[in-house]
Amino acid sequence: MSLFTLQDVTVAYQKQAILQDFNLSIGEGELVSLLGPSGCGKTTTLRLIAGFLQSKQGKFLFREKDYTKVPVNKRNFGFVFQNYALFPHMTVFDNVAFGLRQRKVSKASIKDRVLRVLDIASLKGFEERFPAALSGGQKQRVAIARALVIEPDLLLFDEPLSNLDANLRVNMRVEIRRIQQELGITTVYVSHDQEECFSISDKVAIMNKGIIEQLSDPATIYRQPKTKFVADFIGFKNFIQFDSRRQETDGIAATVQGITLTVQQQDNDTGLVGAIRPDDLRLYPLDAAPMTVENAVQGKVLISTYLGRSYQYEVKTSIGQFTVNDDAAAAPLANGQEVVLEIPKKQIVLVD
Amino acid sequence: MSLFTLQDVTVAYQKQAILQDFNLSIGEGELVSLLGPSGCGKTTTLRLIAGFLQSKQGKFLFREKDYTKVPVNKRNFGFVFQNYALFPHMTVFDNVAFGLRQRKVSKASIKDRVLRVLDIASLKGFEERFPAALSGGQKQRVAIARALVIEPDLLLFDEPLSNLDANLRVNMRVEIRRIQQELGITTVYVSHDQEECFSISDKVAIMNKGIIEQLSDPATIYRQPKTKFVADFIGFKNFIQFDSRRQETDGIAATVQGITLTVQQQDNDTGLVGAIRPDDLRLYPLDAAPMTVENAVQGKVLISTYLGRSYQYEVKTSIGQFTVNDDAAAAPLANGQEVVLEIPKKQIVLVD
Amino acid sequence: MREKHIGLGIFTFLVFVFLLGPLVIISFTSFEQGTVLRFPPESFSLDWYKNIFEVSGFLETFKVSIYLSLAGNLLALLIGIPAAYALNRFDFKGKALLEGIFVSPIIIPGIVLGFTFLRFFITYYQLPIYAGLFIGHTVIMLPFIIRVVSSSLANFDFSIEEAAVSLGASRIGTFFKVVLPNIKSGIIAGVLIAFLESFNNVDISVFMTGPGVSTLPIEMLTYVQNYFDPTIAALSVVLMIITALFMFFVERLLGLSYFTKR
Amino acid sequence: MRNYYKYLLILPGVLFLTIFMLVPIGMTIISTFFPNEAAADTSNYASLFRDSYFLEILWTTLRVSILTTIICMVIGFPTAYFIARMSAKMKALLLILTIFPLLTSPVVRSFSWMVIIGRNGLVNEALMGIGIIQEPLEILYTPTAVIIGLVHLFLPLTIITLVGVMESIESDLLTAAASLGASRFGVFTKVVLPLCVPGLVIGGILVFVGSFTAYTTPALLGGQQRVLSTLLYQNANTLNDWHMASILAAIMIVVTLIVITCMNLLANKLNPRR
Amino acid sequence: GSDSAGAGKEKLVISTWGFSEDFFNEDVYAPFEEEHNVDIVVETGNNAERLNKIRQGNSDVDLVYLSDYYAQQGVDDGLFEELDSSKLTNLDKIYETAKSPNGEGYGPAYTIGQFGIAYNPEMVKETVSSWKDLWNAEWESNVAIPGITTTTGPMFLDAASKVSGNDSFNEDAAFKQLDALKPNIVNEYNQTSEFINMFGQGEIAGGPIMEMYFSSLKEAVPEAEFVTPEEGGYAVMNTVNVVKDSDQKELAEEFINYQLSTEVQEKTAKAKVDSPVNTEVVLSDEEQEGITYGEDVIEKLNVLPADFLVENSKQWIDRWNKEVTK
């Protein structure tokens, strides 16, 4: 059963429409991420759900009831703001306790719950600080703690971890996920960190210019993007514009400039654009390439960059330029080196 | 030759010291990243360099001159604020043009340069907007454009890309790096995104509680962390507390609970803590393990998580619990499955 | 960036010399023994301070003025803060007109206001003297409250208000718990200015006072129309001291750190 | 939901002012057009505007009040800037000192100006003592004295209003401007000033209106120089000619509205936000 | 403020200036209150304000003190009751001029003061004996004159007319004469306190002023002199009237009579609060200082008829504004 539904919603600032006939439905207890380029309307969607924005058209249903006109403070939703929006005149403790005080929770219990959530957010010892004396990441954690502590019906996160370092980010997201699952709080989560979105979400919605292009579980999005935009957005950096496609027994045979590649894929019947991630391509020195290379294309290394985890190569071939990430453990390839590029048939997908 | 040097600097808010006898020296044209947990003093360091903060002790030398007392506006440093700090009463164009106008650049040239940098920041068409009508990411890009356009002697970035999506983040960082190298602008860069730091920097400084624990080029940091803190921070999630170590011909033999592992490493003579990344560990089902496994340890899968790119497993062994990332392409292992864990001797490092 | 602004410091110092210089002279003259204002004073006495308490009208009307200012301020705050808030928080049709209405009491010459009040309040509305005074003073305080509070709200970040509402606070609760504390300095400034405006008012009070009811400024004015001695100088000094003490105690007792934002 | 809500918030204020001020004042002003309870008549206005004496006073009053406003802004702004950046304690102290001048009786205050700028006043004695001037300067009982007195009266208001506004400017904005190369003066003019425009407008309006309608200070310090309110008071108090007084009031209100409109336009130029 | 009146006690509301409140309370009101078992409530303010309030009607004022110009306006506007002269037994004891300055049946002047010249002999050496002397070169930048809207302003205008050589008032000549005084004028004063402060600080050498204030001038400048100009000083009269429809008319009349009584007049004069009009009052030389006293003195004073003032004041103010104050 879906907990809430946005039905044909339109939102506009001044005359410019930001969301147009927007639809989104989220099931009870689910965590859904919104992913999309800057300015595509993620914050707008969250604000709409929270009730900060009035839609021009459309409906917002929550537990089957029309919530369009329910005031913000009656919604019992937790919101973590992109700019934190901490109360500058209150200490960290009071900021976090604010929502509980509204709910007339007993003093002892407030203290208890606030300290527990501050602990989770690694903010022990900061209770008496004012926001002006916190670092960026500390502020962000206070904002998260403030939203979590009220155990709301719906949690709305607007890039809650963007100012945290990798470790803390992982810890916090694990905590968020744990609390979310434990309490079964439905959650809408906006983040720019894809790994974060994929690891934390039951479903991911990829947004583009005020529209959801694809809403699926993380693995599906990750493996089977439906459109070129989605593919591009989630890291399929390499695109091949095929001339034609043909169903064969061992997959689809897609042809470009006389070269035919095999694509093993079920769920796309029309797409002519092949997409593949830099990580999924393999590179072999021309003289050391094994025999079993799938969909082999010959090329030349243009640029190589060190990425820590791997080396990144720009490879020029007759069917276009490719970006390839190769395990750094292997000996690096030199600029100008002739190579064989392998496009694994399981990894390449056709998109619309 | 170093462009600037912080010498034994101490900074304190109220009574609490944030930086204590802090030292940092950066060469002309270099890009140095500061990486460290939230609240460790990164922003403080940047603000000190920029001149927003006065140190209680110590010196700031710039081009060999004592800059400790030079006022902010005489420093010609560009600063990108963690909270943007855009001028709310100016349009995007005027925000970006501000620095040029201070420098009495001609009108035509201002227009030119501002439009070019807005283009780089994908902000074309937003010239006449006021900050209040921008999304979080858009604001951040204006802040970056504003700092870049003046082509300063030193660029200071405080998490400039934290609110951008992955694609834009890569584009922006490439642009930042390009402009930085083209113009040879020395840059100090704070970010929480390690990949970003590693890919963009000449050197990375890992900070902990107001101290730099390690300052090296990215590859060294990435492969050869010196301390446990650094290792942990950059993703060596697995630690083994060895009882003893012994130099052998093919490397160091480190022993814990009777089990001896081989470590191939030159630059650490004392460390007894072994560290290894989840990505570098390999897992085999107990019944399907090859013969050539290095440093094999037997264990059992506790939890498995889907990460998009890979699966993450918690594996329990007799020498501790390990987190392992395994390529998602392989068939996933089930919880409870008996496995063999391979700890490659080239990947494990000993740290202090 | 707390640098030392030496030039600005000197400038500010000179401004305070300008503001306070005349008051120093007044303070000196208040200690003169003779019955006319003299500077430099030729003798010393506290007679004129004693006289303040001997002139029966001063103490009485001082209380009236204080009550009037306080009551007027209270009503002006009750009416003014919601209006200022609404004007800054929401978009309105006819906002400019509304803003115009709210400043209008300032732009009408006081004597005309006073006379008009006299005609309408007393003749048409048949208000008792105190009620007329009270309403008249509230009218002139209102624009100060609204404008000064508005200028604070103009720079207020309303997203923290949203945060509070999303945490379950009612709109009114949010206002008291989150908005009010953050525009505290504006409100204090507004109250202060409105208070002084009322406390010093002559134009309106002159018309609205009646038999047995007067305010301190009217009493002082009447006094200087007929006496030339330093009593009023002494009274001015006393008023300053009272103000200073009052501020000091508010600061101490309530711990209100004026004009400081955390 | 918010639609009626927001009107509810301003309703009390609007009602209050309507009943107790707008209607009374409106009727007073409307009556100026019906001197004989018959047809509308604007001849009184017309003849005033043909009267060169009136026009001259109007001009003098405008000049004095505009100059006072400008001086208050120019002096008050940097002072407020300085005060706003002091520690909380110092700030409180300076603000208390600032309002003291308002607590002194106008007559006593004018006496102290006599002591300072009078013929035998401190300024003249000092200047003649140093030998800069031979004859005492005539400041007292000139428009200059009126302006000095009015500035003394309204500067506190300006400072208090501006300090309040400056408090609410985020300090990172100033830092940002400095880091982009703005000198202290640049930060001040390009960032602080425009962000203070709302406060400046309010302060400006308060000062302008206050000095435009001021009676006591011009009467005490201006010597024989007349201002509009003198005329108004003469008509109202001495001649009991409330009709003429109301006409003058109407003119003063219109002039004030024009000046306020100009200030608002200027303000929108300086700070176009929203 | 009816609440201040004791239960059942009569109340008499008096509108007056604010000076010497303590004296009036103790020496004038209190005995009367006691004698008549009445509470006196006082409203203070200047002439114009108080007259304005009475004009608006529904004011509870019973009795009003006004300078003769304002009293005349009140009479003209029909704001006052005609008095029952049979109640005013003390009327016979006062100067003729004081009996009904604003017309038969209206309030008497309870005091007559003199308007003359005060000066500081340290600053002007030539002796002063005439209004003319103010025009002397020695007085350059040394004179403060009363503003036209003050009680004494029109008197000074009349004096200027006299100086110009006209026996009866000649408006044009008076203004021309004033024009010639300009180099000497430092300032106009609208409150006596201004004159006294200027005088005390040496901003002026002197000027036309009421004798009543001379003691204050002497306090500021001990050498100060007051002269009655040879053309005659002017009579400044303050009157008491009963407000129309007062419900205390009789009591008010009693009070007026009381105010004219020898006892009150003498106390008032001795306290140097007001000059007496009661011819029975006897004052020693010392008691006379600053007090306008003696039938001979009073008779020589010029009197500007109040109705003449009211009739012309608009025009005078207009011309004064344009020709004197520029």
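Going by the order they are written in, the chains are A, B, C, D and E; count residues from 1 in each one.
By our rule, a residue touches a chain if its C-beta (ideal position, glycine included) is under 8 Å from a C-beta of that chain, and two chains touch if they have at least 3 such contacts.
Here is each chain with its UniProt name: A, B, C = Spermidine/putrescine ABC transporter ATP-binding protein; D = Spermidine/putrescine ABC transporter permease.
Given the structure is predicted, the values throughout are model-derived calculations rather than measurements.
Enter the minimum step count from subunit A to subunit C; a value of 1 means the two chains touch.
Step count on the best path from subunit A to subunit C: 1.
In this assembly, which chains make contact with subunit A and also with subunit D?
The shared contacts of subunit A and subunit D, listed by label, come to B, C.
Can you name the chain that lies farthest from subunit A, using the mean of each chain's Cα atoms as its centre?
For subunit A, the chain whose C-alpha mean is farthest off is E.
Across the interfaces B-D and C-E, which one involves more C-beta pairs in contact?
Of B-D and C-E, more C-beta pairs in contact link C-E.
Using the average of all C-alpha atoms in each chain as its centre, how far is it in Å between subunit C and subunit D?
16
Which integer distance in Å separates the CA centroid of subunit B from that of subunit E?
Each chain's C-alpha centroid was found; their separation is 90 Å.
Please tell me the distance, in whole Å, between the geometric centres of subunit D and subunit E computed from their C-alpha atoms.
36
Which subunit A residues reach two or more other chains?
Within subunit A, the residues that touch at least two other chains are 71, 83.
For subunit C, what residues touch not just one other chain but two or more?
In subunit C, the residues touching two or more other chains are 1-3, 37, 39, 115, 119, 171, 224, 261.
Hunt down the residues of subunit D that sit against at least two other chains at once, touch-wise.
As it turns out, subunit D has residues touching two or more other chains at 107, 111, 115, 175, 178, 184, 195, 236-237.
Report the residues of subunit C in contact with subunit A in the complex, numbered from low to high.
Listed in rising order, the residues of subunit C that touch subunit A are 157, 159-160, 162-171, 173-174, 177-178, 181-182, 184, 261-262.
Once bound in the complex, which stretches of subunit E touch subunit D?
By the definition above, subunit E touches subunit D via 46, 48-49, 51-52, 55, 73, 141, 149, 185-188, 190-191, 193-194, 197-198, 201-203, 313-314, 317, 321-322, 324-326.
Once bound in the complex, which stretches of subunit B touch subunit A?
Interface residues on the subunit B side: 13, 35-39, 42-43, 82-83, 133-138, 140-141, 158-159, 162-169, 192-195, 198-199, 218-219, 222, 232-233, 235, 279, 305-309, 329, 346.
Which bits of subunit D are touching subunit B when the two form their complex?
170, 172-173, 175-184, 186-187, 190-191, 194-195, 197, 271-274
Where on subunit D is subunit C touching in the complex?
Residues of subunit D touching subunit C: 2, 5-7, 9-10, 12-14, 16-18, 20-25, 28, 75, 78-79, 81-85, 88, 91-92, 94-105, 107-109, 111-113, 115-116, 152, 155-157, 160-161, 163-165, 167-169, 171, 174-175, 178, 184, 195, 198-199, 202, 205-206, 209-210, 213, 215-216, 229, 232-233, 236-237, 242, 245-246, 248-249, 252-253, 256-257, 260.
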